[in-house]
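Accompanying notes for the structure given below.
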Amino acid sequence: MNVVVQNIERADQSIIDQLAECGVATVHEAQGRKGLLAANMRPIYAGARLAASAVTISAPPCDNWMVHVAIEQVRDGDILVLAPTSPSSAGYFGDLLATSMRARGGRGLIINAGVRDIADLTEMKFPVWSSAIFAEGTVKETLGSVNVPIVCAGALVNPGDVMIADDDGVCVVRREEAEAVLEKAKARVANEDDKRKRMAAGELGLDIYNMRQRLAEKGLKYV
Amino acid sequence: MNVVVQNIERADQSIIDQLAECGVATVHEAQGRKGLLAANMRPIYAGARLAASAVTISAPPCDNWMVHVAIEQVRDGDILVLAPTSPSSAGYFGDLLATSMRARGGRGLIINAGVRDIADLTEMKFPVWSSAIFAEGTVKETLGSVNVPIVCAGALVNPGDVMIADDDGVCVVRREEAEAVLEKAKARVANEDDKRKRMAAGELGLDIYNMRQRLAEKGLKYV
Amino acid sequence: MNVVVQNIERADQSIIDQLAECGVATVHEAQGRKGLLAANMRPIYAGARLAASAVTISAPPCDNWMVHVAIEQVRDGDILVLAPTSPSSAGYFGDLLATSMRARGGRGLIINAGVRDIADLTEMKFPVWSSAIFAEGTVKETLGSVNVPIVCAGALVNPGDVMIADDDGVCVVRREEAEAVLEKAKARVANEDDKRKRMAAGELGLDIYNMRQRLAEKGLKYV
Amino acid sequence: MNVVVQNIERADQSIIDQLAECGVATVHEAQGRKGLLAANMRPIYAGARLAASAVTISAPPCDNWMVHVAIEQVRDGDILVLAPTSPSSAGYFGDLLATSMRARGGRGLIINAGVRDIADLTEMKFPVWSSAIFAEGTVKETLGSVNVPIVCAGALVNPGDVMIADDDGVCVVRREEAEAVLEKAKARVANEDDKRKRMAAGELGLDIYNMRQRLAEKGLKYV
Amino acid sequence: MNVVVQNIERADQSIIDQLAECGVATVHEAQGRKGLLAANMRPIYAGARLAASAVTISAPPCDNWMVHVAIEQVRDGDILVLAPTSPSSAGYFGDLLATSMRARGGRGLIINAGVRDIADLTEMKFPVWSSAIFAEGTVKETLGSVNVPIVCAGALVNPGDVMIADDDGVCVVRREEAEAVLEKAKARVANEDDKRKRMAAGELGLDIYNMRQRLAEKGLKYV
Amino acid sequence: MNVVVQNIERADQSIIDQLAECGVATVHEAQGRKGLLAANMRPIYAGARLAASAVTISAPPCDNWMVHVAIEQVRDGDILVLAPTSPSSAGYFGDLLATSMRARGGRGLIINAGVRDIADLTEMKFPVWSSAIFAEGTVKETLGSVNVPIVCAGALVNPGDVMIADDDGVCVVRREEAEAVLEKAKARVANEDDKRKRMAAGELGLDIYNMRQRLAEKGLKYV
């Protein structure tokens, strides 16, 4: 019942890297307003932005044994995504594990639980999005699984899915949809660049998007 | 039923600017410990401080159409204050709308809901106080109202009221009370400067405020 | 019933200072995974790290009178630890009281309630760990006690206990156990330095900690 | 600054009683989806339903002095509505005050704070909607005000406004709009009776409300 | 993108009914401690217990249009399971829709959002498990989908999966695993009956489960 | 480090039983407004009221092994009080353990975590006060301690302390103070009986407690 899936498929790295440039809000919109993890998933320091392939972990509450198991499965360009099987704010991950992750090419951590050694992780510029910062220790007593589908902070994440994360939070893109989503996200970025210029020049969204007639039809009154 | 009130009264700009210098805690105390929005209204980056006239928005949950409508009503020195009609953490506002606001002279946003594009807003130094940071998109389907009285994060805000906001949170001052509150706030600042010097020199609050006798009368025992 | 205990015992200052260097996560582990205050106790700015002797305050909700009383009891190397007798997010403490604390040699504040004047406190580099940032004013009407045992954010704190606090949160160490905990914490730090080097070189925790056999015995399957 | 307003206007009692029969959900809809207090305002026992005129209380945190003051202002058909000036879950109200309320003709209590003596209040069938059940005691030290406008659980309540409360929560109706809202509420009830019969007979909302064409136009696909 | 899947597979009804008898806790254990919806999913009244096939709804926040669409897909023995695409506590469902559901043979509702008309639903004995009770109205403006996989209160639910719900909360069983889970659940019930008798007779779990030696080996000391 | 303390002192049973009659609110007031567990500790059904001697459990998160160990220490008139070492909402306790508890004379459970089998426990009239109702299973892997001092829901509880619990929540009374607290609680009950009669007859608290002059002195204005 507790398994480690060793060979997972990943999206093309250049697609992943371009998704990172688009950012969470744009990618989320581009794929039809879906894929966001819950709003309580916050970065431990401001300014991090990345995209990476998910190595998923289903772990018991307050037990970080599976993190060690998962790191062996990490390749260059991966990120760990951990969901506890029961709600937990314990500190599953700290600077030692980050050091190990980095040595494997791992890019960061997304965890619906706690993280610790914040000062060290910040200095290392090792990015983490978590639901808690808490020093509480964990044990290594009970098995979980690695690279199985998980529900993390309300979103389904399959191993190999692309995680986009920045100061706005975290978004998951299905591996097999990554390329199509990227196309839409790039179109969106281009379109926004034009809008931004017009707005900076003082033009109103009401006019740019032709909203006035529809507002009147719906019954909006100016008094 | 859905209206946009176009001509609202505002307080004198020099009064507003002086209130900004006093800060949230001082203004809140000066007007008799009232007017604070709830403690979950937090700035998206540290160090912002402002005062501005409220352009209010009553908006449906997860629908930011009225933000576009409201921006047309913004004048130099204004701030948007948005309360959803149902609890929502969706991201109503991002860098495009901030660009538009800035082109109109708008100073920032106070929103009992979500905001996104945090990295861009921080780089633009466009200040926002919100109850959530969340990339979730909104629609433009349902009307709301602009410049009507709203209850935002537990506080009544009328259009044209003065919003004071800094790292401590947000406080609202009634437009018609702004001048009187400023007088009291300035007196408080002057008084605190004196106290600060005495405390820095090692004098105790117990002595500065003559508390020892009243403490004894209430029955405090030193053991 | 309301008392101020004037002479409390403190741990040796050099032990306290060395505990600060170990940090919250390490000290918490070293004393057997205990002593953490709840995860909602967060620093008001990033990067602070300290250890200090607790001067405890049991205070009524929204009443900061006892803070003034407590500051008289503060000696060089102390920290205030305040637990309200009823849940409160009011702003018990601001830059004036911080000025007074600093003049007495006080190192900071740990409070399961609110704090205000965040911009000033940050500029002063006066560290605070709190459960809320809120400008709401307090009164001076009702007595509490100083230097009695309190339960703060879920942890028992006796006067004179050693508080360790950093970006990970807050941990309490019993005064009489401080020396023994320090020994264990230092051993832990030394051990981690070695592990960090091996991990940085690419060695896996699975091998460093000899986990593979026990994982197999528990039934973990690689597929 | 702390006042007790003695003579407030109330809506006609027969209108109030008919609003009670309509219930919270219907009245809320009838007045244009507004007026609800937040969802954390829950009844202390199931099955209560009432409407009554608001005698409002603005009270300090953990201080129930003003409840005694307010009860003198209660007339037959009134309900107390209390908002603390700072968040509080203390138990402001118990069976003694309920006995006093009942002797004055008071119908119940709506409080964005705590209540206690739940077993007694339930046996008395004295209805309370509160944000907490908590035995914590209060003091009588600080003034508040009675019969001033308050914001209670996110909604503005003026003295004399009509409060509707049942198992669904609490809704406020402006005193001067009570009659007009009642008309709309009654029309809604009549309309729902017809719909209920058709639905009980197996007819679908899709057909009763003619939704199929609009769904198709918006693009809904059946697969 | 917005679809209604019309023909879904369901588990055998007799298996479903037997799962209901086993209850949530037993079924959750029997399938390896998985499948629970989050603990905030609570029944609107005590004593309901059922199992049913899921007709799933992915609905916009505060918009219950898709509930009408879904009811047409309900067959005898089904239950609606609704997850909003953005967090919402609005009241999507009341006694009219319950009447319609019942006319179609629907057994209840599981909703990670709000429900209203609690008094009527309780009298009808129409069971609902929800994350909120709130009278707030919804609109019918935006499409969602029916009978697609959803994540509801942290758990993945596919159309046709078996939902078990009682006073302990809600558990989902994969349709294709229902029979195997039932076997394990029944074995568990039988085993517990024996344990219950021995415990009622005063035998200790320590002896029934042979725990004493393992406790001693782990180092437990009796003092 | 993990211990089971076998012989604890208890308060006199007749004192305990009389405290039960006084109830939580009265006992809490009688001992000087202290001893309450947090407001999130709620009974699983309405109407239970008891007092009992605490057998305390410090248990790992999501691990109920120590409950089995603790039940052996239970004597007639005891109650289990469990605090997890890390926040947990897992269901540590169900009807089997309740059966075992009852066979030993145990009166109930107070747990800052989850409980399950609510329907059975309600039918058995086995009272539980908990912070969660959740079916989630636990393991038996890690040791904790029995009959050591614990902090449960914010309150310090020593083994043998008297727990009072009813619909208002839970209060702890130190074993050695139980008799003195009972005297004060009984005096309070007698005093309240008199007040209740006067209030039922229409007399106001303002007059019964002589409040009018002090209110006027503090500055309350009637308008």
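All chains are identified by letter, namely A, B, C, D, E and F, in their written order; residue positions are counted from 1 within each chain.
In this section, a residue touches a chain if its C-beta (ideal position, glycine included) is under 8 Å from a C-beta of that chain, and two chains touch if they have at least 3 such contacts.
Please read these numbers as outputs of a predicted model, since none were measured by experiment.
K.L.:
Once the contact rule is applied, which chains count as partners of both subunit C and subunit D?
P.N.:
The common neighbours are B, F.
K.L.:
Return the chains shared as contacts by subunit A and subunit F, ordered by label.
P.N.:
Per touch definition, common to subunit A and subunit F: C, E.
K.L.:
Can you report the angle of the rotation that maps subunit C onto subunit F, using C-alpha atoms only, to the nearest 5 degrees?
P.N.:
180
K.L.:
With chain centres taken as the means of their Cα atoms, state the distance from subunit B to subunit D in Å.
P.N.:
29
K.L.:
Averaging over Cα atoms per chain, report the distance between subunit A and subunit C in Å.
P.N.:
31
K.L.:
On a C-alpha centroid basis, what's the spacing between subunit A and subunit D, in Å?
P.N.:
42
K.L.:
Which positions in subunit E are in touch with at least two other chains?
P.N.:
1, 33, 39, 87, 89, 136, 142 - these are the residues of subunit E that touch more than one other chain.
K.L.:
What are all the chain pairs that meet the touch criterion?
P.N.:
Here the touching pairs of chains are A-B, A-C, A-E, A-F, B-C, B-D, B-E, C-D, C-F, D-E, D-F, E-F.
K.L.:
Going by the contact rule set out above, which residues of subunit E touch subunit F in the complex?
P.N.:
Spelled out, the residues of subunit E in touch with subunit F are 23-25, 28-29, 33, 36, 39, 42, 46-47, 49, 166-169, 171, 192, 195-196, 199-202, 204-206, 209, 211, 215, 218-223.
K.L.:
State the interface residues of subunit C toward subunit D in the complex, per the touch definition above.
P.N.:
Residues 60-62, 86-90, 136, 139, 141-142.
K.L.:
Can you check the complex and tell me which residues of subunit B touch subunit D?
P.N.:
So the residues of subunit B touching subunit D come out as 1, 32-34, 38-39, 85, 87, 149, 151, 154-156.
K.L.:
Which stretch or stretches of subunit A touch subunit C in the complex?
P.N.:
Touch residues, subunit A against subunit C: 1-6, 45, 65, 68-69, 71-72, 89, 91, 94-97, 99-100, 102-104, 114, 116-119, 122, 132-137, 140, 142-143.
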